[in-house]
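In the two assemblies presented below, chain A is common to both, partnered first by chain B and then by chain C.
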Partner chain A sequence: MLFQKRTERIFIWVFFPLALMMPLFLEQNTFYVSKLTTIMIFAIFVMSLDYLVGRCGLITLGHAMFYGLGGYIFVMIAPEYDAVNFWIYTFYICAISALIALVIGFLVLRTSGIYMIMITLAFAQMTFYFFSDSIEFGGNDGVFIYVKPDTSLFGISMFDLDNPIHFYYLCLLSLFNTLFFFRLVTRSRFGRVIDAIHENPGRTTALGYNVFVFRLMAYVMASALGAYAGYLFTMQYGFVNPSMLSWQTSGSALVMSILGGLGTLYGAILGTVVYEGLHYVLEHMTEHWLLFMGALIILMVILFKNGIAGYLEKLLEKRS
Partner chain B sequence: MNTHVILKTEGLCKYWGGLRALDDISLTFHDRQLHGVVGPNGAGKSTLLNLLCGHYKPTSGKIIHEGEPIDAIKPWAFARRGIGRSFQKTNIYPSATCLENCCIAAQRRMGGSFNFLRSRHHQTVLEELATNALEKVGLAKRRDQVAAHISYGEQRQLEIAMVLATSPCVLLLDEPMAGMGHEESLLIIDLLKRLKQEYCIVLVEHDMDAIFELSDQLTVMVDGQHLTTGSVEQVREDPRVREAYLGQGDEVY
Partner chain C sequence: MTTSLFFVQLINGLQYGLLLFLIASGLTLVFGVMGILNLAHGSMYMIGAYLAWYFVENTGSFTLSAIISAAIALGIGIVVEKTLIQRLYKRNHLDQVLLTIGMIFVFNALQSILWGDDPLGVQVPDALSGAVPLTEVVEYPVYRIFVAFLCVAIAVLMYYMINRTRLGMLIRAGESNREMVECLGIDISRLYTVVFAIGVMLAAVAGVAAAPMSSIVPGMGEHVLIACFVVVVIGGMGSIKGAFVGALLVGLVDTFASVLVPQLSSMMIYILMAFILLLKPQGLFSS
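Our next item is the complex of A and B:
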């Protein structure tokens, strides 16, 4: 069985059917549909970060760089007034950002711990200022995208990206595929080595594994998926701007992944949904929502040692 | 000694700044023999092992494995050539079961670590190799227990099993009996007696009973320098050893 943990299976059986039915309830209200879409997209990004931080032990504060790059690569390579093919561009964007991650990872992964946090942050800030200072990419305003890609595959168009509900389903599918993909990777022989490196890098080297290369592969993989999330975000709002690249984006993704339960992967979805849910509710109650949000997050981190997923596992796994 | 020389050092030196941790060590290690290394604290025994497994780079000198100099290769490449080591401080994956600990070791040998899909067939073969390694060290009964929950002595055995699962040709063992009770030490001595019939073993150990009993060749080091190498009898009778290592007293240990 691919999804080994009972809690994860329960989560999948509860969350995805609910998410599938959501548009039926919200048909009149495209605002909520698009809100949910954004959450799905960000959950993909958080999951890719969770894989890096929680499974590989590579703590980065620069993951938003790839989120933003996903959008910027798209506006760079796509023609301005023609609809491009969604699937082909998915491939392009993942491939190009993987190449960038290969180069940056090559430098970043020579360090570890606090130094790695600093260097990833430095790279992200460099990218941020590059785009926010460039006239060609619209500076702080970013770039607009006028035509949404079409999603025909072998002549069959599955999703109409101008339709929010279609786009919602595309993002939900992407989210499920990301979880599925990462679960496949963590259960594979590659994933076992990654777990071994996370637990004891010295021993793993002494066994004859080239730790650097394994970490680099994981970094490239997670970065490409982060860029894919950024590409979807750009698609949804029809523009890309430097705030996507900011360290605040990396930071809040990190908070969501810790809130959900580091390294649990599905916890990334929980973390994102809860964080964004709280954000939405508190924002409507008070102007000082950040204050309450901070307090609630501190409370939750203290109460749930391994995040929400860790708490659920404690509840559900015991009884089995 | 006519047996095949697997590993050899030539004028091996390691300096830490001005400190000579190891000075001009030339040794040969033979197949199917246990080569003991003894010396007082700070003699450079662990440094020697760390150089032999590639963990440190030598300041000068050569390490020759099967006729090829290997001192310039990466640490992980040493293990790929079949030079496996255990550490002075227990070094395992505590959260994994004993079987999983050995599986990850065997997987390196088998390859396919860049495979992103699962393979049932592969898993069966891996578990077989891992179980064999556990059986060799007498840990088969602990197969499915989490490594953190087995006794300290068993963890040391597990570490040897992990090295064995990589199908090495040379075993570098850094004080495998450190911190063990008498009974547990006897188990390890017994194990090493069996293992030395198959592998070249370099053993650093403080337990003199054990090392005199096990060694085919014994090297004494003092202050980073090589004092003497020979059979246990030769070393025991060497007056310099008595003086430098054992002091002026009459008791050998």
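Our next item is the complex of A and C:
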């Protein structure tokens, strides 16, 4: 079975049907629909980070770089006033960011631990300043996208990106596919080697695997998916700006993946939903929501170590 | 570039570098001795600057304000270490990153609650308000020179403390072998509290010193934190000497880049860092 854990199966059976029906309840209220869409887009990003940090043990504080690049690459390669094909550009953006990740990963993965945290941050900051200082890319204001791509596949238009409900379903589909994809990966031979490397790099090397190459492949894959999430975000709001690349974006994604339960993948969805939900509620209750958010994060680190998914698994898994 | 402009930029770079050293030294000290990566270090710099403003407004004296601010920072350091940081020694870097991100949120919120979000400014104290002529046309503010010398003095003091005093001996011993120090009957958790509080105080003092030179704004802590990361990574995590060299390098590169290659200036220090890490993945002076 692809989804081995009972908790994960329950989660999938609860979350996805609910998410599928959600627009029926919210039909009058596009604000909430687009809010949920943003959360799902970010969950894709968090999941790609979760794979890197939780499954590969590669802690990065610069993942937002690819989130932002997803948008900026689109701006760079797409013609300004012509609608391009969404799927072809998805491929372009993933391929280009994978190439970038290949180069950066090659440099970054030479270091480890605390040094890796910092050098990933350095690369992300470099990109951040590159775009926020450039006149060509609108500096701090970013770039507007006037024409959204059309999503026809073999001549059949599938989604209208300007319609919030359509876009919602596109993102939901993407989110499910991402989870499905990562599950396939973790269950594959490649995924098992990655788990082995996480457990004990030295021994895996001794078994004849090239640890560096496997890590690099995982890094490239996660980065390309992170860029895809950024591309979706750009499509949703029709603009891209440097704050997508900021270290705060990386930081909050890291917080969400840990909150959800590191390395569990579906926990990334839980973490993002809970974090964004809390953010939304607190923001409406008080101007100083940061105070409570910070306090919650601190409490969470001290009190539960395995995140929400870890807690649920403790409740739901059969003791063996 | 004319000679006098070059000279001014050189002093600017050194002065900025020395200030960075003051902040980064606390970060690297805490990391070197305790193995804690404190992302909230920059927040203490910010809190230092806000405290300086607050006490200058209320007491009218910059010196008094500096002393009170440093004392408060020391207190914050002790409380934070005792209540939060102490739980993290056996955890991994990821938990430390997360907890200290939480602390950044809290400090930012406190700053906004206590002092609001408008930019504030502190007057340069009267005794240091003049400027020294460098050439006939170029002069340099006394206060900046004073800050540079203050940083050098603190660097020398730290060097002395670490290499010549009993506390320094314990710090060095704790760095190389924690268990052995404990076995010899030293209360290591008290040592850690002291080291952390000193680290926090150094950041806050830097904030106080910087207050009259720059405007006090929300988010100033994060900006400085990232620069400090670069310094510490270039120098080698945990090495005070490395932080000194790294800080001067970053200060000079940043200052000269903004004159020579303005379009790349904000990126330059990160390029420097990536370059150095490629040559020496552990930094220049890794222990």
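General observations
Quick note on the criterion: the second predicted complex is superposed on the first by the 314 of 320 C-alpha atoms of A that agree within 3 Å, B and C clash if a C-alpha of one lies under 4 Å from a C-alpha of the other, contacts with A are read in each partner's own complex, and residues count from 1 in each chain.
Everything that follows uses one rule, which is that a contact is a pair of C-beta atoms (placed from the backbone, for glycine too) under 8 Å apart; a residue touches a chain by one contact, two chains touch by 3 or more.
What you see is a predicted model, and the numbers here were worked out from it, not measured in a lab.
Contact with chain B, but none with chain C, is seen for A:R189 once the two complexes are overlaid on the shared chain. Contact with chain B, but none with chain C, is seen for A:T205 once the two complexes are overlaid on the shared chain.
When the shared chain is aligned, no partner comes close enough to touch A:N140: not chain B, not chain C. When the two structures are aligned on the shared chain, A:N177 is found in touch with neither chain B nor chain C.
Contacts of A:Q4 after superposition on the shared chain: neither chain B nor chain C is touched. By the touch criterion stated above, A:S157 is placed in contact with neither chain B nor chain C.
Legend: residue contacts after superposition of the two complexes on their common chain; A:M217 is shown touching chain B, with no touch to chain C. Residues of chain B that touch chain A in their complex: 53, 55, 74-80, 84-85, 87, 91-96, 100, 103-105, 107-109, 112-119, 122, 162, 166.
Put simply, chain A touches chain B in their complex at residues 184-185, 187-193, 196, 199-200, 202-211, 214, 217. Within the complex formed with chain C, the residues of chain A that make contact are 53, 59, 61, 107, 110-111, 113-115, 117-119, 121-123, 125-126, 129-130, 132-133, 247-248, 251, 254-255, 258, 262, 288-291, 293-298, 300-302, 305. If you check the complex, the residues on chain C that touch chain A are 31, 37, 84, 87, 93-95, 97-99, 101-110, 112-113, 222, 226, 229-230, 232-233, 237, 263, 265-267, 270-271, 273-274, 277-278, 281-283.
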